[in-house]
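What follows is a short report on a single structure.
A, B, C and D are the chain letters, set down in written order, and residue numbers restart from 1 in every chain.
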Amino acid sequence: MALDKNGIAQRIAKEVKDGYYVNLGIGIPTLVANFVRDDIQVEFQSENGILGMGRFPLDGEEDADLINAGKQTITARPGASFFDSATSFGMIRGKHVDLTILGAMEVAENGDIANWKIPGKMVKGMGGAMDLVASAENIIVAMMHTNKAGESKLLKRCSLPLTGVGCVTKIVTNLAVIEVTDNGFKLLETAPGVSVEDVQNATEGKLIVEGDIPEMQL
Amino acid sequence: MIIKTVDSVQKATQGVKDGMTFMLGGFGLCGIPENAISELVRLNIKNLTCISNNAGVDDFGLGQLLHKKQIDKMISSYVGENAIFEKQMLSGELDVELIPQGTLAARCQAAQQGFPAIYTPAGYGTEVAEGKETREFDGKMYVLEEAFKADFAFVKAWKGDRAGNLIFKGTARNFNPVMCGAAKITVAEVEELVEPGELDPNHIHVPGIFVQRIFQGKDYEKRIEQRTVRQKD
Amino acid sequence: MIIKTVDSVQKATQGVKDGMTFMLGGFGLCGIPENAISELVRLNIKNLTCISNNAGVDDFGLGQLLHKKQIDKMISSYVGENAIFEKQMLSGELDVELIPQGTLAARCQAAQQGFPAIYTPAGYGTEVAEGKETREFDGKMYVLEEAFKADFAFVKAWKGDRAGNLIFKGTARNFNPVMCGAAKITVAEVEELVEPGELDPNHIHVPGIFVQRIFQGKDYEKRIEQRTVRQKD
Amino acid sequence: MALDKNGIAQRIAKEVKDGYYVNLGIGIPTLVANFVRDDIQVEFQSENGILGMGRFPLDGEEDADLINAGKQTITARPGASFFDSATSFGMIRGKHVDLTILGAMEVAENGDIANWKIPGKMVKGMGGAMDLVASAENIIVAMMHTNKAGESKLLKRCSLPLTGVGCVTKIVTNLAVIEVTDNGFKLLETAPGVSVEDVQNATEGKLIVEGDIPEMQL
């Protein structure tokens, strides 16, 4: 059975290691924070200017001066710090953030990503995504394997305007965990109850299947 | 000390004109210069170019200037919360330059600090880099992005003193510090204006040299865009 | 939180080796990493390249490393207080690259923030610009200066917490913040090490993400180079 | 009678206007602070990271963490701020400092300045001087008109390695106040008891003398 959004987030949480500073994009990535193990130390950076982002506030304790990049009210953990946007992107550009998790509309087999614009239809802007994908060395995409029309989002080449080139290292979808290699999408794991053929059928780009493919452990 | 105080938003905005380029601090509705924006709406100056990370919402923040069609061009990184914006942009009424958020911050900071341009990897290989110079350093590609030029920067701080020194609170800091001194005239509004010497000089985020005018703001609404709460454990 | 504390200067300097490039904070003797310098002297590692605004005095600060001939090359802006330095430089024992102070700061900050290089007007038309790319922007000439690459940055702060967040005091701040995160490993020593949460997150000068190791320094001498006083009025 | 160092500083102090942020170099420039009128508001920036530099401390009140760029102990005035070296030179490079006063070993009639190196003899470094002269639009040089050997320091061309090109706007010496124009050194004022001929004789570069030259008012 394919994963739901929480399932994707739960699987991605296993990629978060002790001592990591992590930037989470809007959508499924935000959910990842809920599944990170308690026994490791991880800090979340939000590019609007906080390191050490905590949980959402209790009702009545919201502070208009304390939000995340999704404009949601948040809290700060002990040891948190606030800084300006230039410093924030200095952290990102300078590769001080260990892991970036973000959503995508399309990913190509060479690691290109598109997630900010559908010409003529949707133009919300790239926000910090272009900075993140151009700088980070460890970029995991969290998304559904296919779009609402049932078309693959893992393509030979992106059809939408790019956000970044050759940058995605791993993709976790409702169907599979895939590594982006020099030779194409390499299937690492399938979702529980999902077959290699299911993944193959939902993947337009070149899918590399080597040996037995284990099932995801959640 | 050199005193920067003006006693009203009217005096603080003196000199603003049709066709000018403004920088406006804030991220979403967090840390926006509410008083200055209201006055710009009241003055009804037109054909503005606004450099601001976001464009407010339909009835608050920069959305108010969009509503009155005072803005010709927006330079922003994300404008997803604003229907008026989308309508004006799709109809071609509004010229929009979308740029990466880190590039926006860096182009402000470059203007503040006298760097003519910066090299950033953001946007390389995308339409953002079209027509721009690109260059390799150590095997990685970068895009040359020029410092902004602006007439006024409007920022909002938590506390400030009469010498123009500013302190911000939480994530309301965001773009405000990097816009100070990045325009010909920087206007700061503050929630609390104090006497010089009351702020610890070690805690000042923006030295007064980057600010030309400072005033005590009023009636802050500080609207929350996405109120999100958790349940008690 | 992610804990960066190490319990001794020995552990903090683990991995330093002959031939490495170090950044060292401080302006004159103000804000220098005294504990780290003493340990580097004790370890007697050689053939170092040191990026530091100044070179200490004969018997304190980097002067101690010069005295033991541990340094092959200094990259500094001003070295006027150090006779050993001058002797080694004139004899050719010591390779010295003198660069403008603002360029030194900018090249550190570029390394910290992932800018591969910066354009500065400083040094244009002088021997500092020889062999470097120059370029005109808006009628003014600039020199292209590359980000530094260093193995370790040693900085000294006033207070720090175990998550690596730093706060500086007075003008002891100087180059320390811009060197944090500008080398592969940043080692911060502090006069007072506190628990995470004790420092106001609004007052932190350097977020812990830029620091890999932090330790409680001891026996600070904090020598004054030019004690200057006025008479009571 | 030619001015002494304090006299030069006193004359330069008249160039400091209400509302100016001023950077003072080491030597004679430091003395300028003593002569600035009390009824105008001026702040001194020191490039090691303070705006709002105050007087020297009282004996016993020195703070090792509070010095100026000359490494002297200082105090901070109300409204002062501390910042890092990158921000400090951001102020300078960004032209936020209104007036820079510094010493020189040589100034050329085109505004070139040399003050950091005598090849083979003295190599102390440029410190912040190259940044200051490359960025500031209002640069006054404070120096003696001639060197210890009696040779003019106002030259057709500098002989020493340059600190900056075409940047000096005004020179105040023990003999005269001189403006650097497109056509050469323009004599504005002579020191009390110093004749135009005295200035002429001490100036190697082209000296422009137009009309009556007033005597300095101190």
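The working rule: contacts are C-beta pairs under 8 Å (C-beta built on N, C-alpha and C of every residue); 3 or more make two chains touch, one makes a residue touch a chain.
Everything numeric here is computed off the predicted structure, so don't read it as measured data.
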Any chain in contact with chain C as well as chain D: B
Whole-Å gap between the CA centroids of chain B and chain D: 36
Geometric centre distance via CA averages, chain C-chain B, whole Å: 33
Separation of chain A from chain D, taking each centre as the mean of its C-alpha atoms, in whole Å: 56
Shared interface positions of chain C, touching two or more other chains: 106, 109, 114-115, 120-121, 168-170, 201-202
Chain D residues counted as touching two or more neighbouring chains: 50, 76, 82-83, 86, 89, 92-93, 135
Arrangement of touching chains [line / ring / star / complete / other]: other
Inter-chain touch pairs (all): A-B, A-C, B-C, B-D, C-D
Chain A residues touching chain C - in the complex, by the definition given at the top: 19-21, 41-43, 45, 50-52, 76-83, 86-87, 89-97, 135
Residues of chain C that touch chain D when the two form their complex: 27-31, 53, 76-81, 86, 89, 96, 98-106, 108-109, 120-128, 158, 168-178, 205, 222-230, 232
Contact set on chain A toward chain B in their complex: 46-50, 55-59, 61-74, 76, 82-86, 88-89, 92-93, 112, 116-117, 123-131, 134-135, 161-166
Chain B - residues contacting chain C, complex: 106, 114-121, 137-138, 140, 142, 146, 167-170, 202-203
Chain B residues touching chain D - in the complex, by the definition given at the top: 1-3, 109, 111-115, 161-163, 165, 181, 195-197, 201-202, 204, 207-210
